[in-house]
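Input: a single structure, listed below in structure tokens.
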Amino acid sequence: MPAPVMTVEELSQFLDAEFPQIHAGGRAYFVESVAPGEAVVRLKATDSHLRPGGTVSGPSMMALADLAAYVAILAHIGPVALAVTTNLNINFLRKPEPGDLLCTCRILKLGKRLAVVECGIAGEGEEGFVAHATATYSVPPRS
Amino acid sequence: MPAPVMTVEELSQFLDAEFPQIHAGGRAYFVESVAPGEAVVRLKATDSHLRPGGTVSGPSMMALADLAAYVAILAHIGPVALAVTTNLNINFLRKPEPGDLLCTCRILKLGKRLAVVECGIAGEGEEGFVAHATATYSVPPRS
Amino acid sequence: MPAPVMTVEELSQFLDAEFPQIHAGGRAYFVESVAPGEAVVRLKATDSHLRPGGTVSGPSMMALADLAAYVAILAHIGPVALAVTTNLNINFLRKPEPGDLLCTCRILKLGKRLAVVECGIAGEGEEGFVAHATATYSVPPRS
Amino acid sequence: MPAPVMTVEELSQFLDAEFPQIHAGGRAYFVESVAPGEAVVRLKATDSHLRPGGTVSGPSMMALADLAAYVAILAHIGPVALAVTTNLNINFLRKPEPGDLLCTCRILKLGKRLAVVECGIAGEGEEGFVAHATATYSVPPRS
């Protein structure tokens, strides 16, 4: 897998500019790191992401996986690209403990038309995933 | 498929009491109807659900499918049950037009341990789905 | 959804010519019918499709859904097209009774690059699905 | 993840005794190795698994993923258990080269009622997966 073409800072600025509404209700998503074929995004849950008991809701984990997969792809094809999710499959494995969640994504395929990404979500410092997803994005033709 | 055991009003009151945070940012989700094996939930999108251009975001459609599947199950097993999503698979088919979205759910299986629901999301009055999902819930043993 | 451009007979001949190996071990798959946006394929199970007890195995149902979705797409885009499965998601709902299975497919999207098909598998004359799948195919650009 | 409770030999004997029909048309599936939380199964493709051009068919890869996930679970819960697939999601990433395929499975969750397994399929000695799957099995209550 080739090296990323965007830095954490560039990715963060791109998201801020293009998707300001993901920060509605307070800044919650943070690009943590990128590496060849990989990206990590943090969810610092606010009240709107929580269920009674203080655990992060399923839809918040789906949104996290979708965003993190997008970040992983963008990091490798650059900010000009218009990628849209075509499929997302998620398994919820166990209830997360209160606290931040980290979504670690690995690109399984970066093709001419489709990109497939695998995402594992875990509590910070915890072993084992609380959720696992695979997402497919339609990506624009690239030279 | 047996008849529902909860009315639209009972389902709405249950959601308000148990999941007040789904209304954070303004009331957006409305139980529209229930029927044997089915339920329909409306998303009246607010700014937090939209992407630039005024179309509903992917994560908002995932949250809608998850909630609507839950409503369909609850309608048939009653409010005492604690059901949790174990798997959700969604295909995004086309960009929704601005306006409300309706999620129509059909229960494919209501077993002793698992329930499987199929969900089609469409713009109101539009033909064809903008997204299609299947969701599996773990349901508590029932007598 | 437009009308099919291939008949049941044309589809059967195309499968025989292009995929003779699906008949290895005896002819088992039969195109039953096509209609606008739909197709039905029958599995007349042979010993190689069965599990102890005489019920059709999971992999045989996956193969049936994959083939039937392909037939539904082909019926609408014609025999020149080269379509390949990119994603298949299947829920196994209940153990099938011994006997033929019918897979009824409905095209959810027939786009320029991707086609998405929903498949319900049921025993002949039985109510309720034994399995439900959604499949995505990559389709070649068409004029 | 705890250590496996069955060896490669015990798993192979169990499959031979309980699922003789997977060897219909010639022995094709071989348990390669087990480790804590993991299992590897080889597909030595015969003619019935191939598409024109000599590449392994999609349904053969689905059957491989389903079997390998089952082997991974069985290795950790023992031969008495009756586990059935409830969901399988697979992404086909690229056309496999002719030759054996290895399916490497990792258990993501081994719960009281459900087990979730991730599977990557690759050509022997090749880098990168040709397909990636996640499978859910319903497992019987254990003490």
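Letters A, B, C and D mark the chains as written, and numbering starts fresh at 1 in each.
Operating definition for what follows: a contact is a pair of C-beta atoms (placed from the backbone, for glycine too) under 8 Å apart; a residue touches a chain by one contact, two chains touch by 3 or more.
Note that the structure is a prediction, hence the values are computed from the model and not measured.
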item	value
Chains touching both subunit A and subunit C	B, D
Pair joined by more contacting C-beta pairs (B-D or C-D)	C-D
Subunit A and subunit D: spacing of chain centres that average the CA atoms, whole Å	28
For subunit C paired with subunit D, centre-to-centre distance based on mean C-alpha positions, whole Å	23
Where subunit B and subunit D are represented by their mean Cα positions, the distance between them in whole Å	34
Multi-partner residues of subunit B (at least 2 other chains)	86-87, 89, 91, 136
Contact set on subunit C toward subunit B in their complex	89, 91, 93-94, 108-109, 111, 116, 118, 129, 132, 134, 136
Complex interface listing, subunit D residues touching subunit C	18-19, 21, 24-25, 47-48, 50-52, 57-59, 62-63, 66-67, 84-92
Touch list for subunit C against partner subunit A, complex	86-87, 89, 113-114, 136, 138
